[in-house]
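See the structures that follow.
Each of the next two complexes has chain A plus one more chain, namely chain B in the first and chain C in the second.
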Partner chain A sequence: MITSSRLHKQLTPYYFLLPALVVLGVIILWPILNNLLMSLQKVRLLKGGESEWVGLANYAKLLGSASFNSSVGSSLKFTFISLPIALVLGLALALVFNEIKKHRPVFTAFLLVPWAIAPVVTGYMWRWLFHDSFGLVNYFLLSVGLIDSNVPWLAQPGPAMGAVVVANVWRFMPYITIMLLAGLQGISGELYEAAQVDGANVLQRFWNVTLPQLRHVIGVVFLFATIWMVNDFGLIFIMTEGGPAKATQVVPITVYRIAFENLQLGRGAAAAMMLLAFLLAVSAVFIRVLFRERRRGDEN
Partner chain B sequence: MKTRTQAMIRAWLGYGLGGLSAILLVLPLIWVVSTSLRPLSEVTSTPPIVFPRSITFNAYVDLWAAAPFDAYILNSILISLSTALIALAFSISAAYAFARFRFPGATLLLMLVVMSQMLPGSSILIPLFQVIRNLGLLDSLAGMVLIYTGFAIPFCTWLLNGYFRAIPEELEQAALIDGCSRLQFLWRILLPLAAPAVVAVGTFAFLLSWNEFLFAFVFTKSKALTIPVGLRSAFLGQYVNKYDQLFAASLIFSLPPIALFVSLQRFFVQGLTAGAVKE
Partner chain C sequence: MRAIYSLLATLLLGLPAPGLAEPVEVMVWDFGGVPGHQVWIRQAVEDFNARQREIHVVLEIRDWATQRESLISTTIVGEGPDIIRVHHKYSVEFGQLGGLYALENFPDFPEVAARFFPNVLEQVEYQGKHYGLPITMLPFVLAVNQSLLARNHLQIPRTWEEMRAMGPALKEAGIHTFTMPGGVNLDTAYRFLPLLYRAGGRVFDEGWTRATFNGPAGLAALNFLIEMKNAGYFPSASAAYAFDENAAHWCTEKAALSIEGPWWQDIVLGNYKFELTKLALAQVPGPAQPLEPNPPCTLLDVVMVSITGYTRVPQQAWTVLKALNVEDPVWKVPNPAMGGIPAHKAAYEPGVQSRYIDLEVLAEAGRNALGWPGHPGITEIQRCIADAVNMALTGALSPQQALDAAAEEVNEILNDY
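Moving on, here comes the complex of A and B:
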């Protein structure tokens, strides 16, 4: 028989957990479950209106609609154009910073600035830089002769996508650099010495030592950056509001518009579900690959 | 001899290229600072005047009159500080349970907590709106604090859990034998020892709420508007775009995060890279 003091003792950890679990339950768990249910319903907002089960109709409607498919395309473009550029530039910067042995924190402090400021501020800043008549980007491109008249960056579909990608790269590159810099410091000098003894030149050493050793960090960076970029709302919304002609209307902005402008809560929930499912799938693939790498690494 | 010259060249190249890229990286911000320090007529001329002709602090003075900007700042401060404190209290308590007790469901719960760290905000936007509305917390400071606390707890708990586990358990047993209660031990011994993690985690929760846009944009209308959402209505209008004041306000708003990041950069770099780099 359990005495009351023993029961109390067994319950102790749950007392400590309770406040956090209540908040997580209300803010995260309940909404996730509810979102799943809502995505299968036609939700009526008006008083007295009852929600009606519609099965997968919301999903079918979305997948058949041109505007949802175009927002998926915008999300993929935004993420998978930004990501490689940010990775390559971030790696280059990490290699440069790795040569700095003294006063490195002074340099990395600069790196932290784009990462520290709010996405909203980054958005306004780049909107201003890309301003057609007062912006520095057009001024610079005109003076070096790359364009002959001001480009209305944020008013044309292609250039607007380019502009939000530039802003996004600016924001994420520092994070990538910091991660890769930490990875570079973990590579033992012996590997380089051995490669040098074998007669490998700088490029060969980079290709055969540095890159393979960074594989794991690059994988982690790729995963996190993908998640963050696919979820971006603030930066794009401030710069373009998803326009022009929905060219930069990524999935999170579409979810917002379907639910809070068209008031189709069920359909919005279905779009949100697909976003979540996509990110879960990406995470699952990456985590599997990374863990397999790690296990193989341990065997060697 | 040859290798020494090579090493010298490498070092100089590192500093040169490193300095250059650091400057290029903050160049956009310098342009923003310069915009905020010049009269509106000068910054809205075509072609742009790159080097300032006149410097004025008018934007920094006028922005307070232009809009209820002081109300937005107050809201941001209240929400972010409350979130930091509450998230800290709840996460310390939860992390203590995970680090120091064995109980049924521990692994599963911790895994759920860790996974919810990655949850995209927009994926639960719609049901969360209903939750907040049903609680009567739309457009309220309390509602925003509740949401941000929920989004801060997972990372805070996970980081503190790691830190607490590294502190020897014998310490706790000795304290308990000496007649210390668990709460006293937590407050007087464990927390002072884990001070760096507590500071890092509190800062994280503060910045999360300070910079957040999506939820503030959807769940507030007037009473609980924070700076990220207030900037637009305050300085950008149909007829006048007060770029000088917009950027003066943006820079004031960006000072706390930049100051926190730069002064605590060691923790952030550690926190960011923890687990990602092979040991």
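Moving on, here comes the complex of A and C:
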């Protein structure tokens, strides 16, 4: 039999958790549940929010829509082309910064500029850099003789995707660099000394010491960057509005168009729920892999 | 006795003195407006408040791009401003929902309506009721860099065939004959529609039961653009252009023609210091022979001022609306700084002096123009048309495929309403 004082003792940790749970419930759980409910209805916003239960019809409609499926493809392309490039370049920069001994904070501050600029400003900047007649990209390529006439970067599906990837990599690289730099500074110097004693060269030290020691940071960066990039709206919307020929119309832009331009809130909510489900699945896989690695490390 | 005195004193102090009643407040939300318009409305409101004491106007200038969202929220809640200045397409969307007040409720409305051009007044009408006064009209015309044409010994074109014929000479000089926004934005739909209307095409059939923009006129208009692009007379980069890029292309003399409207003069002068002597306006060219039986015309956009359906002071709002938007002298002289030409007949009477270049071209276009169909789902429909034009311009779909796909989506929207 549980006595009252024992019950009270058992519940104590939950009392401490309660405020956080209430806040999370109100600002995260309740909107998600509301959105889920909305995704199962046809909502007529202009008729005072009048709604009709349609079950899974919104989901079925989206899955059968060529436009939605192509936007899923665009999101995956945008994320999984940008991410490895940003990661490799970010790692390279972090290694360089790790070697800088003097004035590192000054360099780091400069490095943060692209990350600190608002996505809307970044979008406009790159939109005009890639402009066919006035853009600096064409001017530079023409000057060095790499092209012989202006390229309409943002008016062709392939180059437009390339352009938004370049802008995205430019924006994300500083974040990745800072995270990896912090990870690099946490690696014990003794490991490198031991490797050196064993006769390891620079590449071997990088492969056998640096990378394994950074794997958890890389995992976290990969997870966060995936979530941010899949959810990215502002940069692409400003640069291309999802065009040309819907080539850069990623899922968040599709959600915006369905929900806020066409005012089909139910269908927009369904698209958002599918995006959420995808991100939860990706996160679950990452977290599982990361925890398994860590457990294995602890056991060893 | 003291109680009686107290009661009398309370009554006397509580009653307003004759002629000192609190003025009735009328809230105006003015969406958008070029700087010149904003300067005028601020002054006009100040003058109105100063010359009488019964009504006090509170003015709020808001971003043009936020009007739909603002109207949705205020209509749902049933509370908001008393007067709004918005795009005419909302007369249907919000008129049918009770978000706007039918002006037929005012006995002097016919008298006021008679002061506006009838075809413009039609743009704010839905099911026999008018939901606003169409104060500014924005007909689409051809903006011409006449200096470029003169340098290349060319005349202003009247048909698509003449535009095509100008291509080689201008291309030789490194100039595009024609430019327009062709990206996935509504500006694209707004440039395609004048070409469709000129070819005798329409967006829907008469009963609004199905889309017809994918008929012979629409197809010819889109084929014309693709041919111009393939021949190098039209920038292939236009598939990524929004309004700003197109304006930059035209103003830097990289193209000779663009489909624009009364706003163009102020934009090219203000943003690009473009020499206005080079600018001429003309009617939007069409095919030599219309391809569908409707009368060829251009596209008309209208800014209207409406009283909201939830106002508590409709009479006072009507007084303010008339004072600012009918009686004010600003509507008697077309002024480029106001962003559009007045829809008031008085502005075109003989002897009126205006700084507008080719005002008669704009006025003629305005009198013979047609707006977007007043359908509640028109924003979504415009998006479908813009996507179709963009798809065809990038070569992702053939013009017929692109228009048919858009028409299918539009038919679904029509069935849905």
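Throughout what follows, the second predicted complex is superposed on the first by the 267 of 300 C-alpha atoms of A that agree within 3 Å, B and C clash if a C-alpha of one lies under 4 Å from a C-alpha of the other, contacts with A are read in each partner's own complex, and residues count from 1 in each chain.
Keep this in mind: contacts are C-beta pairs under 8 Å (C-beta built on N, C-alpha and C of every residue); 3 or more make two chains touch, one makes a residue touch a chain.
Just so it is clear, the model here is predicted, and its values are computed rather than measured.
Applying the stated contact rule after C-alpha superposition, one finds that A:244 touches chain C and leaves chain B untouched. Shared-chain residue A:155: touches chain C; no touch with chain B. By the touch criterion stated above, A:40 is placed in contact with neither chain B nor chain C. Of the two partner chains, chain B is the only one that A:105 touches; chain C does not reach it. By the touch criterion stated above, A:133 is placed in contact with chain B and with chain C alike. Residues 133-134, 150, 260 of chain A contact both chain B in one complex and chain C in the other. Within the complex formed with chain A, the residues of chain B that make contact are 10-11, 13-15, 17-19, 21-23, 25-26, 28-29, 31-32, 35, 43-48, 50, 89-91, 93-94, 96-98, 100-101, 103, 106, 109, 112-113, 116, 118-131, 146-147, 149-151, 153-154, 157, 182, 207, 210-211, 213-214, 217-218, 228, 231-232, 243, 246-247, 250, 253-254, 257-258, 260-262, 265-266, 268-269, 272-273, 275-279. Across the complex, chain A meets chain C through its residues 45-49, 131-134, 150, 152-157, 160, 240-246, 249, 257, 260-263. Note for the complex: chain A touches chain B at residues 10, 12-14, 16-17, 19-21, 23-24, 26-32, 34-35, 38, 93, 96-101, 105, 107-121, 124-126, 128-129, 133-136, 139, 142, 150, 170, 173-175, 178-179, 182-183, 186, 216-217, 220-221, 227, 230-231, 233-234, 237-238, 251-252, 255-256, 259-260, 265, 268-269, 272-273, 275-276, 279, 283, 294, 297. Looking at the complex, you find that chain C touches chain A at residues 69, 72, 75-76, 93-94, 97, 182-185, 235-242, 245, 248-249, 252, 254, 376-377, 379-380, 383, 387, 390-391, 393-394, 396-397.
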